[in-house]
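What follows are several structures.
Look for subunit A in each of the two complexes below; its partner is subunit B in the first and subunit C in the second.
Now for the complex of A and B:
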């Protein structure tokens, strides 16, 4: 067989499902895997109205498995001292309900799972922020982790170099919300609101958001603090702390010091990620509605298959779905750092 | 008083997190060696591997002087380890015959089976993780700043020395992106060491002029300064026997003395707080995380 004709195995497309309806939509649109969480603080999208009860997960797994898709359960917050029961129960229930893998961040929970559910496949969450071969080899040796979701701090070149040095699979984010800080290593939200991703599974929570109309402008506040201001009549963004505008000594004008309110979009760079040895692609957005999930998953399904067949990916009109209508390659591009 | 005197609480001086001029860095530690009432000093570059060579020439002499002065010396690893230069730094440090404080999981494989310390940049929220780290060889941990008093107490179920950050700006985040560089239209690779302009971090304010955070290269710190002086009795009741003071551009020798005198009972709570306010008049204090509130909050001592 001619090497040029050979079709490589497509990268696995891992898609968000915040609700049972979104799970079915993602599976129908061509997801290889969906990732979900229980309806509590054990996962990093602990938002009102989202996530799965135990019976919902059971039905969701049955639906996905019937169509050849896998279900990964994110249990990726850090268990509370003296109260690790909810996290241990989440792992046990994911195993009992037939989940294909759990996505974990906490070392203690990794150790617990390896000991009590050795047959349950373990992925390392982005919230563990394993950004180098030594850290990844450590998680593999200590807890038998089979796949690591890479933090969004690496360039494509760095991912390629990393994959040459490790045995476990890598999964990278390709679309959706974008952390500017190393994931799992940011307590900005806790500093301002008392609620943080690691402890509570939420960042810049909606419960602490307030928009204040001052006549000529709208002030977007989080926990009472001004995160951004918008002229009256123009669209107002959500006050995520790392996407706000601030003033530093260098410049009297407010600027997006950390990051602009953009979304990650890597659809055009899928060939480079495949060449870098990436095994799975992750779409962010368990908080998104099923219409959004359906469109994004369908676009990526086609793109991933095209790339595996050696064709260029079709970027289509995904940008309309991106935050602020703008996409960025984020840290995958060297100049970002 | 009929209660037995509690075991003496030790003081640790954390690593200088900022990019101080090499001579400033050296002179700071020489004075610490001679004058500061701290038991342990943590040295090393936690934030950016590009800075390590700058003061590295002074490191051996500073470590010797601190040891000669009777201080325990600990070496801290980088917090965010990405490229080969970062990894080489971690590997070299972990190969040294010294007590190492790991701030990234990349160090844990190297340190396995050997007594070592865990720094505040490794996520330890519960006794499961702490017990695992202790089984890997960890003997001491400086807990992440986000933990509340209840969590700190619960972690006492693991036989390991717990240290709590009691003074200094709180480390809130690290990033692959250098914000000092970005604020000047530069990147990490072309940074021109923009971070050396701000000895206490670059002040960041909201559009309404409210102080928010301090940027230190790739690290973001709180604007407010941790201060657990009013909580030392509570900390001792919860079994904490070691407090960390994180260097700021204030008189750290005097800060250490205030904490020492308060711990020794020679300075009353109110008076110690007033002294600290005099030493750092421009810094608002915070103990919110300890009291299960937002991290920027100040909860006055009861009674």
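Now for the complex of A and C:
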């Protein structure tokens, strides 16, 4: 059997964009879909200067559609009690502007969208942390969810088994920053800063981050707490509590307590994900610049097309762009079990 | 990486300030909303410390002004945040050719002070989707040609050096990578054996 005989439908490449320039870069580099957020707390990358105004999203959707790409709008934080306004407006505006789907986490917002915008395709965000067949079937039956973004807690084998038991499409992360396997439920950053990643949309908000260059080391603080010190010449990471180094017990040497600053990198394992029935591949990094978006999307475009043609993926080295400069397969291969 | 900075050292600061003024005005005329993403901040001021130049810059965004300051005096300038990097790194960042986070991870770029202001500035410049250097050069007149030639030459030298370094790095790391792959294969084999033993034990316990 030659490569042409084995050609199958490529998995959908879902790419990040934090700005209109990044959206255009992603589309031009070969993204099938681009996911974005409004410039407020309704999405989980509510960072300063990032995201889209309504006119910017309208222009972005026009640009993507003209080139055959889709735009998915992440409205994936959990609304404040008694103040659903921003989240309802975000869904209504996404529908009015012609978004191809919204990515939701909160059940109430899922219900609202299904009721008031039934024509708007609904994807379940990773923030909903739906990782078993019963939970996913519930979201499908109750809210008409068409796709679930799986939390980064499952092995490839578990994803294959899951896909046999559900009818909705599955989307998985294949590259970029990692969290501590408590998607949508992590309170570490909120505990120190008072700003919740899940409700306000910012993990380790920049307003609470300080770096001090002390000559022989760079000290990173979050909410006044030292989370790491990087000696001159050693790579630095994001100032997140989960990737900080701490002194614990009787050991006076600081070490990683929760996880190390490494990036998810699954480009070599795309054939296994396709065989497991995965429909879409997500690249993390709406907070990253257009140089990152361009290089990572282009690399994965080639790899996804290779796999669809029955060829081994050309796994380009993207580690220069990765946090910690190192890649990991994370939970897809639970080496610790 | 140092080449670009050294190449610009002979240019006297008094000659550069008017060019900076005209360049910034030209860019803002063409992109009046360049700093719109900084609107939520309280008139931030950035100290841009170019490590391979005898001078740095102070960027104000409300009103917009880019001021050249001799490097020894730069430290005394009150600023919201400091951004520190070699010239070529900063130029490529402004051109959208390099990723700011990746530069930070590799320590090629250092930030201090109000991180929120730095992140917002990065997103404003990167999100504009324009080559700021090329745009600004549009008003340099006779200076633009030589300056562009210097920068392009510096870029080629740097690219070649980076390529050579990458070759050396890969050659040096190749034995380690092979050993890592061998270790990984051995680990996977052990994991398979442990899993098989575990399954066998459970079967025996059930029997």
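What to note about this one:
In this section, the second predicted complex is superposed on the first by the 312 of 337 C-alpha atoms of A that agree within 3 Å, B and C clash if a C-alpha of one lies under 4 Å from a C-alpha of the other, contacts with A are read in each partner's own complex, and residues count from 1 in each chain.
Just so it is clear, contacts are C-beta pairs under 8 Å (C-beta built on N, C-alpha and C of every residue); 3 or more make two chains touch, one makes a residue touch a chain.
Only a predicted model underlies this, so the values are computations on that prediction, with no experimental measurement involved.
In the superposition on chain A, A:335 makes contact with both subunit B and subunit C.
When the shared chain is aligned, subunit B comes close enough to touch A:226, but subunit C does not. In the superposition on chain A, contact of A:63 is made with neither subunit B nor subunit C.
Of the two partner chains placed by superposition, only subunit B is touched by A:245; subunit C is not. Looking at the shared chain after the overlay, A:209 reaches subunit C, while subunit B stays out of its contact range. Set against each other, subunit B and subunit C touch different numbers of residues in subunit A, with B touching more. Of the residues of subunit A, those at positions 335 touch subunit B in one of the two structures and subunit C in the other. Residue ranges of subunit A in contact with subunit C, taken from their complex: 18-22, 24-25, 47-50, 205-207, 209-213, 218, 230, 232-237, 239, 287-292, 295, 320-325, 335. By the touch rule above, subunit B contacts subunit A in their complex via residues 79-83, 86-87, 90-91, 104-110, 121, 123, 125-133, 136, 144-147, 150-152, 154-155, 170, 172-179, 182-184, 187-189, 198, 202-210, 212-213, 215, 220, 222, 288-289, 292-297.
Residues 37-38, 40-41, 84, 96-102, 104-107, 110-124, 126-130, 187, 191 of subunit C are the ones touching subunit A in the complex. Taken in their complex, subunit A has these residues touching subunit B: 78-82, 84, 105-109, 111-112, 128, 130-135, 137-139, 141-142, 153-154, 158, 180-182, 184-188, 190-194, 196, 198-199, 219, 223, 225-229, 242, 244-251, 254-255, 257-259, 331, 334-337.
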